[in-house]
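Before I ask anything, let me first share the structure, which is written out below as C-alpha cells.
For clarity, chains are labelled A, B, C and D in written order, and residue numbers in each chain start from 1.
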Amino acid sequence: MEFTKILTRFENIPNSRALATYEKHGGYEAAKKALTQTREEIITLVKDSGLRGRGGAGFPTGLKWSFVPKTADTVYLLCNNDEGEPGTFKDRYILELSPHMLIEGMIIAAHAIGAKKAYIYTRCEFYDEIRWMNEAIAEAYQAGYLGKNLFGTNVQVDLDHYIGAGAYICGEETGLISSLEGKKGQPKLKPPFPAISGYLGKPTIVNNTETLAAVPWIITHGAAAHRAMGTEKSPGTKLFCVSGPVKKPGVFERPLGYPLKKLIFEDAGGMLDGKQLKAVIPGGASAPVLLPAEIETLTLDYEAIAAAGSMLGSGAVMVIPHDQPMMELLRILVNFFHHESCGQCTPCREGTGWLASVVQGVEEKTATPEDVEKLYQIAVHMEGRTICALSDAAAMPTKAITRKFADELKRSIRGI
Amino acid sequence: MAIIRVPRPPRDANVFAAAWGYLVTICSGLKLTLTIFFRQLLKLEKTETVEWPEQPATYGERFKGKHFLTLRDDGQVRCTACFLCATACPAQCIHIEAGQHPSNEIEKFPVRFEIDILRCVFCGYCEEACPVDAIRLGPEYAIVDTSEKKWVYTKDYLADRPALQGGIHSIKPENEKHTSIGHEPTAKERKSQAHHGHV
Amino acid sequence: MADTVTFTLNDKNVTVPKGWTVMQAAKQAQVDIPHFCWHPGLSVAGVCRFCMVHVQGARKLEIACNLQATEGMIVRTDTPEVKEAHKWGLEFHLINHPLDCPVCDQAGECGLQDFYMQVGKYKSQMTRPKVLKPKAVDLGPRLILDTERCILCSRCVRFEEEVTKTGALGIFDRGDRAIIGTYGEEKIEHNYQENLVDVCPVGAFTSKKFRFKQRVWFLQEKSSICPGCSTGCKIKVHARTDRRTYYRVKPEIDETVNGFWMCDKGRDTIAHLNREHRLPQSQMRIDGKKQTVPTAQALESLRRAIETAGAEETALLVSAHYTVEEYEAFFHYFCDQLGVTKVYQWRAETEDRDSFDGILLRGDENPNTAGLRAAMRRVKGRTVPIKNEIATCVSKKPKVVVALCPEVPFTSPWFQEDLKQLAGISHVSLWTCRYEATEVAGITSWIPMKGFAEKTGHFLNYEGAKRELQEAFPSATAEALSVVEAVQQMAAIATITTETATL
Amino acid sequence: METFARDLREKIQSELTRYETPRSAILPILHLIQDHCEWIQPMHVEGLEREFGLSRVHVQEVATFYSMYRLEPCKPFRILFCDNLVCAMMGAEGVMDKIRSHMASFPTDKCPFSLQGVPCLGVCDGAPAMLVNKERHLRVNRDNVDAILASYK
C-alpha cells in the first residue's frame, strides 16, 4: 500500500540533499508562492490544514503562529532540531534527505510570523547532519533564497545555524531559547510565553523540524489535501521511528491514525527471530509503556494514544522484547532523566535523583519490594509540579512501569 | 475550709487487749533484727552495710550524677557545640563557647564547655536534648569540694575522667547509642556522618 | 476601578493593584504561602515550586509567585491537594539536605525548619545515601558557603546580578550535582556580602563574623537605625540582654530608604557597643590621676567649671552621631539656659561627603548631619557650612569644652588625633560611649554615653527624612546615659545646688 | 603570552558579532576552543573574560552545564557509546565490555581511547551506536568493534 509522502518524498532519489535536485522537484516554489501572500493568509492556511506540532505536544501550528503580536518589530523563528528524545531520529532523517525542505519551510514560517531572523538549533552529536545543513544554508544564500528581498518581494529572512552542546533539556522550547541566548539550557518560567517574550525578550516561535518541513507541501497542495490524510483531529502524515529488535527499524512516514500493530509487524517487518513483543513505548522515552493487549487496535494519532494512557510524543515507537527485564529498562530511563534534569526546579532535580538512587539500591541489593510503591509515589508527586515537562517525562514512564510491571519489579528486587 | 473527717478506731476499755496486736508484731520484728545482729556478730552472715567513705559505694549506670562528656574514638569530645543542652537546661547552668574546629569535617566544637554544678538540678534534660550523645550524667554522686572555682566544671574535667566509677568510660564506641535501632552503619555512612560533624 | 483587581483568597476578598502576583497579594493579606525562591526584593525565579496554590478551574496547581492576580480569580491555599504538594515539595528539598542543624547557624531562623513544622511530611521515605558536596567553603571575608545545605533557590545568584550587579555567583553543573559558587577560588569582596546570608533561606550562606557566636533563639531584636552613614538604613539589632552582648545587625524592610538591604560596614556598627569597648563609669582626672567617680560628681565639676569660667568662655564641640532629641536637650540646656554661644561641629577633616556607591553607602559617615545642622541653625540663627570646626574651637581659646564624641569608631578614625588638639584647655569634658582612644592628656572628665541601640529618638538622613530609632536595649554598661538624661541630671544637680546655696 | 592562537582569536571574534548578543556566542566559542585545544582549560575561560569581555561565571556555568564540553585533559580518541534504551536492548553493554577489554590490552597510560556512556545519539535505527570523536558508527557489535577501534591509531 502506498501513502502520500510529504517529508520523505526524496527517499530513493539520488543526491537528494543538493539544491539542484530539490529545485528539480519543485523546490522553493512554495516559498515563492507564499511570499506573495499576506501573513494572515498563510496563518489561516496552516490553521485550516490542521498541522500540529510534531515535537511532542501536538499544539496546532497555525494557532501558535497567530499568537505573535502583529505590532512587534523584531520576531524570531527558531527551529528545534535538538532531537534528543531517546528513540527519535526523524529530524535527522529530514536533514539527511533534504535540508532544503526545512529551509523553505522556515522561509515561509518566518514570513508568516514576520521574523527577519531565524535559527536552526541542532544537537552537536549530529556532526554529519550539521555539515549538510551548513552546506544547504550556504547554497540557499548563494541562490538568493535567503537574505534580503526574497523572490523580488521586500521580505527578508536570515537563517543561521546554532549548535547545542549535549543537553536534552534544550529540546524544550524555552530551554532552547535560553541555550541560544548563551545561557544554561534552563527552561524559562511561563507566563510570559515565548510568542510574547522569548529569545532576548522578543516574540519567538519555536517549531520542530518536522513541523516546519511539512509547511511547503501544505502551501503547494492546500489545506484540504493535508486534511485528506490522517484523522479529523490529527490530520496529515507523521514520521514514525521504529526501533528496537524489529527486522527493519527505521523512519516510516504514515498518515496519522495508522494502526500501531501494522507499523510494527508489517512495515518494520515484525520482531527479530525468536523475540516476542513484551511492551511498546509509542512516543519516545517520556511516553508511558503500553502492553501488547493495549495496542491490539491502537491507532497512531494524538487522541487515540492519549486515550490509551500514553502519548504520541515524537512518534518514536520503541519495541520491547520479551527478554528485556523491566527493572533494567526503568534503570536506564530514570538514569537518563537524572542525567538530563537541568537542576532548576526542586521536584525534578531531587525527584529524578531520588528515583535513580532508589533504582540504584536494587543493584546494591539494599532495595525492598516496597520500593516499587515508593518509586510510584515519588513519580506521582513530581508530575505537574515544575516549569517544564521534564519532570513529567520522568514521572509518566516510571508510573506506568511501576504499575504495569509491579510484580516483575518486585521479583527482580527479591532476586528471583 | 474543707474538713476531712477520718474515722477513728473504736475505743476499747481494755487497753492491754487493744495493744496486744502491736506488741506481737514488735516482738517478732525485734526477733528478726536480733537474730541477724548476732549472726553477723558471730560472722555467720555477710554484712550488707558499706563503710562509706572508707569503702566505695557504686550506683547503676542510670543514676543521674555528675556529668561527663563522651569522646570520639580519636579522643576528642563528641560535642558539636549545638547549644541544645544549654537551651534545654532549666537551671541555665551550662555555658558553651563554640569555635571553628581545625578539621573542616567536624566544623564546630566547644572551645569552652562549663557546667556550674551548684546550679545544676540533675534533671538530665541535657542528656536528652543532646543530638550526638555527647553529654551524660554519670554515676558519681559525691560532689565535694572546697574552693568556689572548682564548682564550675570545665570541658577538660568533664571530658577526661579516667577514674570514673562504676566501670563507665567516657570514650563511647561511635555507634553505641544507635545499636538498638538494629542498623549497623556502613563504613560509607559513618564517613558521611563524620563528614557532617555528627557521630 | 481599573487599576486594581479583586480576587478571592481563602474565602477572603483581596484587592491589590493590577499586575501584582498572588504571592504579593497574600503577603499583604497576611495569608501564609510557604516559599523559598521568591524574595520581594528580587526577580521571580519560580524554581522552588513550593508556593503551590489551587486556582479554581485550573488544570493543575499554580505557583503563587508567578501567578498574576486577575479579577474574580478564586485561590485557595489550604486544599488537601495543596497540602500534599507542600509536604512533598519539602520532602524533595530535604532529601539531599544534610540536616546538620545542630552545627548550622541558621537553625532557629531557617526556612526549612519553619516550613517543616508548618507543612512538613514528618515521615521521610528517603533511605538512600545523600549527594555529598563541598562544605564550609570560604567565599569571602565575611562569607562561608555550605553547598550541601543549599537548596539552589538561586536567590543569591539573583542578588549578585540584580542588586550589586557583580554577578560573581553562578550555578555550575546540572541536575542534583548543581553547585552554587564563584568562579574557581574567587572571593566575593563587595560591601554587601552579608545580604547573601540574609537572602539565603537556609544555612548555605553563613556569616563569618557571626559564625558559631550564638544560637539565634537566644537573641532579642530591636528596631533601630544604622549609624554608619547618612543613608540611615532601618535595621534590627540582635543582642542577648541577659549577657548584655550585641551580636549582629540585620536590615529591616523599609521601602523608602534601604529596601531589603544594608551594607557590611553598617553591620560592624555594633562592635563598639559591647562592654569591653565601653567606658564603664564616669571618670575624672583628680590631681593628675584618673579616678572613677560617680557621674553626679563629674557633672557637678563640669557645671562648676562653666560657672567659674563663664558661659562665654565655654565651647560645645558636637559630632553628628546623636539624635535630634539629644541635640535639642543639649542646646536647650547649655545655650538657652546657661547662655553658651560657642558651638562647633566636630567631624572628619577630609570627607567625600557627597559620594555614593550607587546602592546604599554614602560618603557622609555621620548618621545625623542634617539633624545637627538644623539644631545649630536654631542656636546660631544662621546656617553653618558643614565642616570640621575643632581648629576654630581651639583657636577661640575656651576655658571649658564639652565634647559630644563621635560614637562609631570605624567612621571616626581621626578621633584621637583631634582630641590631642584640646590639650591646652583647662576643663575638657568628654561625653563618650567608647573607651578606646579617649586616653589623651588634657581631658578632665569622661561621662559614659549610651550607644545608638540603647536609646530612642530620631536621626535626619541625607535627604532630611526622619529615621526613627524605635526601640532601645538596656545599656551594656549600667551607668551609661543618653545626652538627654545627662543634661537632665546636670540641670537637677544645678537646681539642688542652687537651692542649697539659697538656703 | 596570548591565550588563544591567532586563527582561533579571529574565529572567536567573528562568533562574537555573529549573534544578537555576545553572550549567545559562548556555546559556539567553547566548541571552537575545544576543537582547537582538545579541552577547555581554566585559562581559556579566564582569557574569554579578559580579552573578549565574556563573564567567566557565565562561561563556566555553560561549560559545566552541557555534557559535551570537556573540562579535563582527554585521550586522542573519545568513544561516546549510547547506553540508552534501544541501544541497551540491542546489546550495548556487551559491546562496551568488549571495548573495555580492548582498552585494557594497552599498557596503562598508553591507551588512546576513553569510553563514556552517553544518552541517545539519535540513531536508534542503527543501534547500538557510538561516536568516536566526530565519526559515527552504527550497528556496532562484539564482532566488528575491534576492527573499528583498530582503525584509530
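Throughout what follows, a contact is a pair of C-beta atoms (placed from the backbone, for glycine too) under 8 Å apart; a residue touches a chain by one contact, two chains touch by 3 or more.
Bear in mind that the values here come from a model prediction, so they are computed numbers and not experimental data.
Within the contact network of the assembly, the step distance from chain A to chain B comes to 2. Ranking all chains by how far their C-alpha centres lie from the centre of chain A, first place goes to B. For this structure, the chains sharing the highest number of C-beta contacts are A-D. Inter-chain spacing, taken between the CA centroids of chain A and chain D, is 24 Å.
In this assembly, the C-alpha centroid of chain C lies 52 Å from the C-alpha centroid of chain D.
Each chain gets one centre point, the mean of its Cα atoms, and the points for chain B and chain D are 65 Å apart. Averaged C-alpha coordinates put the centre of chain B at 46 Å from the centre of chain C. Contact with two or more other chains is made by residues 58, 61, 65 of chain D. For chain C, the set of residues touching two or more other chains reads 129, 171, 173-174.
Not a single residue position of chain B touches two or more of the other chains.
This structure has the following touching chain pairs: A-C, A-D, B-C, C-D.
Residues 167-174, 182-184 of chain C are the ones touching chain D in the complex.
Chain A makes touch with chain C in their complex at residues 167, 184, 189, 191, 338-347, 349-354, 357-358, 360-361, 374, 377, 381, 384-387.
Chain A makes touch with chain D in their complex at residues 83-89, 91-92, 117, 123-128, 160, 162-168, 179-185, 199-200, 241-245, 249-251, 281, 285, 316, 318, 320-321, 324, 328-329, 332-333, 336, 339-340, 342. Interface residues of chain D facing chain A in the complex, by the touch rule stated above, are 18-28, 30-31, 58, 61-62, 65-69, 80, 83-86, 88-90, 118-127, 131, 134-136.
Only residues 42, 45, 55-58, 60-61, 64-65 of chain D touch chain C when the two sit together in their complex.
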